[in-house]
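Take a look at the structures listed below.
After this come two complexes, each holding subunit A, first together with subunit B and then together with subunit C.
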Partner chain A sequence: MRLSGVSLALPAGWQAAARRNESGHVVLHAATIALPRSRGDFGSDVAPLLGADDVFCSLFEYDRASIETVLFSARGLPVVRPSDFAVGALQRSRPGQSGAQFFFTQAGRPFCLFAILGSHGRRVAGAARVNTLVRGMAIA
Partner chain B sequence: MTTAVVALGVAVLLLSVLVAGLLRSHAEILKALHELGAGLELDKDGPVSVTIDGVSTPRTGDVSVPDSISGETLDGELLALSLLGQDTLVAFLSSGCSTCQEFWTAFRDDPPLPAGARLVVVTRGPGEESPSALEKRRPSSVPLLMSDETWEAFGVPGSPYFAYVDAAGRLVGEGSGASWQQVLDLLQQSRADALRRPSRRGPDRDDEVLRDAGIDRDSPSLWEAG
Partner chain C sequence: MTALEEVLAPTSFRARAIDGLSAWLARRTSRRGFLVRSAVVGSALAVDTAGFALRPGTAYASVCGPGSTCGGGWTAFCATVNHGINTCPPGSIAAGWWKADGASLCGGRARYIIDCNATCSRCATAGRAGICSSGCWSCGCHCGPGGQCDQRKVCCNGFRYGQCNQQVRQVGGVVCRVVSCVPPWTFENCTKAVATDNATRDHSAPLLPGPWSNIKARYWQLGENGSALGPSVNAEFAVPGGRAQRYVNGRLSYKASTGPRFTVGAVAMRYAQLGNEAGILGFPTHDPIVIANARASVFEKGRISWHPLLGAYEVVGPLAVTYSAAGNELGVLKFPTSVPRRATDGEGRFSTFQRGRISWHPSTGAFWMGAEIAARYVALGAEGGRLGYPLRNELGLTAAKSSGFQGGRIVWVTAAGTFEVYDVLDTAYTGAGGETGQLGLPTAQEQTDDSGRWQQFEHGRITVDPSTGQATVSYDTQPSPTDSPTP
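Presenting the complex of A and B:
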């Protein structure tokens, strides 16, 4: 799938949806479950549906003016490690789940990648699934 | 009196000509549809096999179908779904096809599916479909994609049409039917047939991959304790 310079080669077993928000920025959601129609920008409506082995990711684009900030100083799509995930990183904490967020700039565009794991206890496998998804992403 | 009889005669004559013209035009339309291969015998009992590009029986086994499908949703999003990892019934429907109405209705109420399978509805792209008509028919719990590419990738001859892809990405069965029960019967038959066929993505394929890596059935590495 391709939208406004963001493309994704979908890994096996995933579902993804992409749109431009009111500001014209790309919001891409991907999950190992069927995505509900209402999701919230960072998956607040998806998290309750995740099973222990499931993963949700949101790629959220910010305004280009943000590039100059320290927050987006990392360059390129992130490589996710199991230790990046924390139970307290979720907007609404849910038992057993954890999240991680990565701010970065790619092709002169600032993004946040936010990932939710269905089970923090299975974060090694979960992080590997997130990396499989990220490897299929390209931003131009 | 004579005038009335003459007028009535003329009216009957005109109506006869009109009816004859309509019958002739109807016959020409039916003939043209038949030549185009659009005459699906959907009123027959039981599943109907469909001819595609000169193939007289539904394609099965090694037919190549995409690993994922994508299209536009009625909410204006791009949606992509992997066809690997879970059995998927892809229902190709149209808003205007009369036979499709039964399926639109059936899909509103979580239709029964083979165990572990999911249902995805794919219509033609927004250029050839009416999003407003689809909005009235959309099932609440079934993904709906508008995608010309998916229709072309599956070689869909017309709607309604169904393709069942198993978790390994094999096209297990395809065809059409006039009712949801007919499609379920067709699915059951296709899955039973698929179990009797060797699979290229099954054990044979695994053997090929191992052979390509220099590992055959007698390789000690397969049997050594780790």
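Presenting the complex of A and C:
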């Protein structure tokens, strides 16, 4: 999958969809379930569908000018740790689920990587699955 | 009748249904509970009349939209937790936003939702950018307040949309959400990077303005939170003859004959003190008028003028009509310096201005006089003095000004001073043509000696015979015209 300088080598067992939004920015969604048509940019419509072993990720791009700000001072795609996930770290909190959010700049473009785990109790495996996905991402 | 008109029409099915159901609730609840519930019922009917009429148990859902319980996982609205004010409460900052397309609450336009996140005030922050650990947040997680339907979470969700205040490395959880029909970058420190989540399109709360209306449309035109009115306070509500909506810095009032008109700042504060739409001024008929660094608002029955050095004062009824005829703030009188006051006789009223005064009595009407004559009038007892009430507006002459009263006149002569001409002397002066007649202007106050009362003018004298009370005009020399009215 490739769109506007963002490419993704999709791991087995994942589905993905990408689009350019009204701002001309890339919004990439990937999940271990079939992606519903309506998802919300940070997956509010996907989260209720996740099973305990499932994962959803959103790669969301911001305005280029934002790379100058402290929020996007981290460089490069993140390596996700199980401890990065928190039960309340969700736009819409759901029992048992957890999320993790990473703001960063790659190739002069500011992004947020947001991941939702179907079960916080299985965050070790979930974080590993997210990292597998992220390793397949490239931003030019 | 359009759908919008039907919503607003006071005798519509909605209005009747609201009245009936509110009355039904009133019989079954306390007064406080009734007020809250009737507001919910009204909003529910306005949003979804048929649905709620058939299923009244869904009132809360109709007003607050889907996912309004604490367990629903969403965050509550700031209006719910911030005294009805649709803005980030103290201790929180805008941290990101998204839009929901095609929102009926925004007249079919996009509806923007802004997350207000807590600050990380309880400990030093470290680690990855974005969200600090929950122990550092300036607030604790809880559900929306009881007694209303926006039971969504408060300060629970550690999520950052990321378009706002990007200079802040870390923020806490989402305290509450602000809604807007104009883009957030117009009133918050946010970028334009668009995020979309249509699942939140119909999320709302009882203390948010509610369904699209004439008032909401006007507020949208003005720029909503970024306008001079600022954020909304509580929901739109009915007033006698129309509807109104409060804002932090003012008010929008709607009546079919006036349309939606706003009042703002000190003028709005004074309007509120006077009872708003139900008070002596009625509804505003225009939006505020900007006069340099001052403001004025026009109402059905008067006007409020505000000057930064003077304050806000109303001019009402016949006083306002005369003030308008004199040019209002830009006319000779300039800005009002007092509220209308009752004259000493208890019958008349007067207003004072930077450059004069208007006095009114029901039997004479309202007339203005400029500063010089007004100062002398006040020194002589004003409406309660010998001169009584004015009978005409001040007359401007090339070298003088003149005002006529029940008991005489005051003439202000440039470089000479102010002179009164009383009763029979005034009658004779008028008969001789007054200031523009052959006598010319008065040059002294009335005198009294053995020969009686007399007053000297530029070209003659008026004398009152003490035995008959009759006034006689005598000229010094062959008279010639001395003055003429200014155009």
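Points worth noting:
Just so we're on the same page, the second predicted complex is superposed on the first by the 140 of 140 C-alpha atoms of A that agree within 3 Å, B and C clash if a C-alpha of one lies under 4 Å from a C-alpha of the other, contacts with A are read in each partner's own complex, and residues count from 1 in each chain.
What we mean here is this: contacts are C-beta pairs under 8 Å (C-beta built on N, C-alpha and C of every residue); 3 or more make two chains touch, one makes a residue touch a chain.
As the structure is a computational prediction, the values presented were derived from the model and not from experiment.
Following the overlay on subunit A, a side-by-side fit with no clash is recorded for the pair subunit B and subunit C. In the superposed pair of complexes, A:19 makes contact with subunit B only, with no contact to subunit C.
In the superposed model, A:52 lies in contact with neither subunit B nor subunit C.
One of subunit B and subunit C touches more residues of subunit A, and that partner is C. Once chain A of one complex is fitted onto chain A of the other, the partner contacts of A:112 are limited to subunit C, with no touch recorded for subunit B. After overlaying the two complexes on the shared chain, residue contacts for A:138 are found with neither subunit B nor subunit C. After overlaying the two complexes on the shared chain, residue contacts for A:125 are found with neither subunit B nor subunit C. Angle at the C-alpha centre of subunit A formed with the centres of subunit B and subunit C, after superposition on chain A: 120°, rounded to the nearest 10. Legend: residue contacts after superposition of the two complexes on their common chain; A:72 is shown touching subunit C, with no touch to subunit B.
In the superposed model, A:33 lies in contact with neither subunit B nor subunit C.
Once chain A of one complex is fitted onto chain A of the other, the partner contacts of A:62 are limited to subunit C, with no touch recorded for subunit B.
Once both structures are overlaid on their shared chain A, subunit B and subunit C have a minimum Cα-Cα separation of 15 Å.
Residue overlap on subunit A between its contacts with subunit B in one complex and with subunit C in the other: absent.
Within the complex formed with subunit B, the residues of subunit A that make contact are 1-3, 8, 10-19, 34-35, 37. Looking at the complex, you find that subunit C touches subunit A at residues 67, 71-74, 98, 128-131, 134, 141, 153, 156-163, 166-169, 173, 191-200. By the touch rule above, subunit B contacts subunit A in their complex via residues 67-68, 70, 73, 75-82, 84-86, 118, 143.
Touching subunit C in their complex are the following residues of subunit A: 21-23, 25, 38, 40-42, 44-45, 60-63, 65-66, 69-74, 78, 84, 86, 88-95, 99, 101-103, 112.
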